[in-house]
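Labels run A, B and C following the written order; every chain starts at residue 1.
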Amino acid sequence: MSTLATTAAPYDAEREARARRLRGKVWSGFLYGLMTIFLVNVFLMIASVGLNSIAKVWRGTWLPDGWTTSWYFDAWKEFQLGDVLWVTFEVVGAVVLLSVLLGVPAAYALARREFFGKRWLIFLFLLPLMVPSITYGIPLATVMYQVHLAGTIWGVIFANVIPAMPFVILVMTPFIEQIDPNLESAARVFGARTPQMFLHVLTPLLAPGILAAALLVLVRTIAMFELTFLTAGSDSQTLVVALYYAVFAAGVRAPQSVDAMAMVYMAVTLVWLLVALQFVNPTQLVSRVKEHPQPA
Amino acid sequence: MSSDFKELRLDNVTRRFAHADGRTMAALDGLTLTIPRGEFVALLGPSGCGKSTALNCIAGLLPLSDGAIWLDDTRLDTRPPEARGFGMVFQNYALFPHMTVRRNIAFGLKMRGVSAAEQAARVEAAVKLVQLQGHEDKLPGQLSGGQQQRVAIARAIVVEPPLVLMDEPLSNLDAKLRLEMRAEIRRIHRNLGRSTIYVTHDQDEALSLADRIVVMKDGSVRQVAPPADVYAQPADLDVARFMGYRNELAGTLHDATGVVRTGSLTFNGTSKGKLATGAPVRIALRPDDLVVGDGPNAFAATVDGIEYGGRESLVDVVTADGARLHVRTPVAVRIGESVRVSVPPTRTLIYAA
Amino acid sequence: MTPTGHAGADRTPWLVAPAALFMLLFFVYPFLYGLWLSFAPKEGGMLANYAKFFSDTRLWPTIFTTLKLALPATLINVGIALPIAYRMRIKTKRQKWITTALVVPITLGTVLVAEGMLTYFGPRGWLAQVLQFLHLYDGPIRLTHNFWGVLISLVISGFPFAFLLLLSYVTGIDPVLGRAAATLGAGPWAQFRNVYLPLLIPGIAMCFCLAFVQAYSVFPSAVLLGAPAGPTRVISIAAYEAAFEQYDYSLASAIAMMMGLVQLVIVAAVLGIRRLVYRGPVTGGKG
């Protein structure tokens, strides 16, 4: 084989290494530059909402002329934020509870057993995550108006469970798959009946996964606009829908008061986001991801 | 990359990394080694000893903190991995899952701009060398572990690198296949006539494959020697332990010629390294070197356990001082039996404690 | 796993029943009902709604208005996210900070982004001030209440989504494959081109589909930031108006079905292209 040996061109190691480092630096500087521009603009945008909400007047200057907290009191009264926050709390709580109660057992069955029609069921559960909410939200709202569910808080809750529960299934199925089934067999061998097995073995093992799934659903449901918008009545609005109406009708109200409401919404979301990030990886908000160990 | 090289020199190759608490640790501390063309070198040591770090430094996957790597008069350590021209076999094979066996093997040739016709000819030769004829168009996922291993080797050697690096390539195979592949690797190495650096934690593998063994521990080299020397004359106590000297007795050096007192027993042995009279020492004894029966350095002991092993059994004996020793012997004994055990002075190795 | 004998049939699969029942009731049934409703118009024959959709100039052009927004937005988002995600494939502190920062615009949602943009990108916002202060652009700055406002909002909420999704795919590829390619002579570009890119194709296709579907159903920002009467009258606005302003649920369902159909066509096309390229495992052989 040695007769076929390839001969590399003469190689100026130093020069090539320098050129390579330079190219790498330029490219990576470009990418980080793009990322920085994006993040800086997003955070300035958020900052300008925040500043505006405590500004007396702010018209075309760098900073507002004078500060006040009165917009928050105005917004609280004007938009009935107390009621809206309570409805949001009820809706989000119920959605999290329902989607965990329905989703976790389903994920367990899907993770542990093979049965007829399983592939179709998985497809069914994935569909609401692939089809945008407006597409199925309009027929859903139509049906809900006919059965007088639309406009009620239960209508809003059921509508929001549709994308939330499949998300729980999506997060929990791989989580359950990685739990050794031998642990359940062992519990049975040592005499645990099914309820005992669930209580003493499965629940503690599943708890971290359920917590993660619940927090992810919580954060996503607070921000879920379309389905709530299509199914809510005037007394079943969540915060995000109330904010939409406030922005939509911005002409009749002071923009500062709308921004004050936006800050309240942001505070609610970010608090839960911070809690969630203690337990989940940021990428899990958009997909299920396993942690991949870096090789040594 | 020219295949006509004389030697590869590692000169004080060092890799340090910063610890979380700010200290720097040397994962590899000053590896200096000259590997002539055609030699098979094994880096041997327990996990975390720095042998994989050494291999990754040589391959260019980790930058050096210090030192240099030379192929004859060409300095290689400043180059990125793709410009070093070595071949590497990874522990989990790292076959490209989306390429057929043929394309996997041809990858290095393609990167070097080899013509399609020559690629085909060389891939065919490499496939033949690793005996994978008929599997060329399969994907890695369709192959068994042993076959994947062969593809990984073919992919590394088809570019005819001056040096092939192997990172525990047999650790994922079952015992029988491991023995088969061991012979294969040796055959392929001889066939190519280039150098191989082989990382392993398995002493049998290192002893059977290598021309020279580099024993490492805690990032530093403890001994560089041919297999027979590493086996029979470990340079220090750590190497001895790693090479299967399972029996140790603490004592004092009574006489610089190699007389050690340990409890009520006296051994004539061979000093490894300069030891002063009266110094605390440890005697290292391999179970295979202990003999049941009278002879030099004989002492009385009681049989306490027997692990039957076919032609030979592993017998635990307890001396009058209560020291427990492992003896490999063809002599049939019974538990509780009093026996005499002896060991030749040349196989009684004395190390500083 | 299935127990046999007199213990009876394995009842575990039934755990999926409540969830499945819920989906049938609240997802499948409304969808089928909507489909049927779209063929039962208020007046006219079975296809009257669809005939109306394709003849009314307030309706059929919305497909293309939406495509004109959604396709560029998706291409920008995926196109920029891919090199950045690839660059950040190695886990570092920086990667952690950036991913955390990027979660914020996603969780805040489109409505808040729209409100923020009205303030920040508006004619008197900070961005306009900075541009004029630096004399980079002296004309009037119109980035809200038009096409560009909606496009920017689609990038602000869509880019982090595409980035995080792609990052999860990139980090799912065993980095040892890239190293193996390097030892075989592949430089950084060749490693990406020959090893990472082919293995990423399924992920890129999936990311493109999900990002597109999101952008195509753009609703609140098209209303709040765009010109909902004209250049950004997207298809969801048309559907919403039909349902909640004209109370023609039948027509609204027909528009929703058309919307689903267009998405389906694009998604099918992307997945079809992907299937032509490669589909398979992404790790290095058997571990």
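Note that in this section a contact is a pair of C-beta atoms (placed from the backbone, for glycine too) under 8 Å apart; a residue touches a chain by one contact, two chains touch by 3 or more.
Remember, predicted model here, so these are calculated numbers, not experimental data.
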(message) Strictly by the touch rule at the top, which chains does subunit A share as contacts with subunit B?
(response) C
(request) State the pair of chains with the top count of C-beta pairs in contact. (result) A-C
(request) Please identify which chain has its centre, taken as the mean of its CA atoms, farthest from the centre of subunit C. (result) B
(message) Centroid from C-alpha atoms only, then distance subunit B to subunit C, rounded to Å. What do you get?
(response) 53
(message) Centroid of subunit A to centroid of subunit C, CA atoms only: how many Å?
(response) 14
(request) Find every residue in subunit A that makes contact with two or more other chains and list them. (result) 20
(request) Please set out, as single numbers or ranges, the residues of subunit C touching at least two other chains. (result) 174, 176, 187
(message) Show the residues in subunit B shared as contacts by 2 or more other chains, in ascending order.
(response) 80, 83, 85, 112, 159
(request) Enumerate the contact residues on subunit C facing subunit A in the complex. (result) 1-2, 10, 12-16, 18-20, 22-23, 26-31, 33-35, 37, 80, 83-84, 87, 90-91, 98-121, 124-127, 129, 156, 159, 161, 164-165, 167-168, 171-172, 174-176, 187-188, 209-210, 213-214, 216-217, 219-220, 223-224, 236, 239-240, 243, 249, 252-253, 255-256, 259-260, 263, 267
(request) Please name which positions on subunit B make contact with subunit C in the complex. (result) 59-61, 80-88, 90, 92-98, 107-108, 111-112, 139-141, 143, 145, 148, 155-156, 159, 165, 172
(request) Write out the stretch or stretches of subunit A touching subunit B in their complex. (result) 1-2, 4-8, 11, 13-14, 16-17, 20, 296
(request) Can you check the complex and tell me which residues of subunit A touch subunit C? (result) 20, 24, 27-28, 31, 34-35, 38-39, 41-46, 48-49, 52, 59-60, 62, 102-103, 105-106, 108-110, 112-115, 121, 124-125, 127-128, 130-136, 138-145, 158-159, 161-162, 165-166, 169, 181, 219-220, 222-226, 229-230, 240, 243-244, 247-248, 250, 255, 258-259, 262, 265-266, 269-270, 273, 277, 281-283, 285-287, 289-290, 292, 294-295
(message) Under the stated contact criterion, what part of subunit B meets subunit A in this complex?
(response) 1-3, 52, 75, 78-80, 83, 85, 109, 112, 114, 118, 121-122, 125, 129, 159-160, 192-193
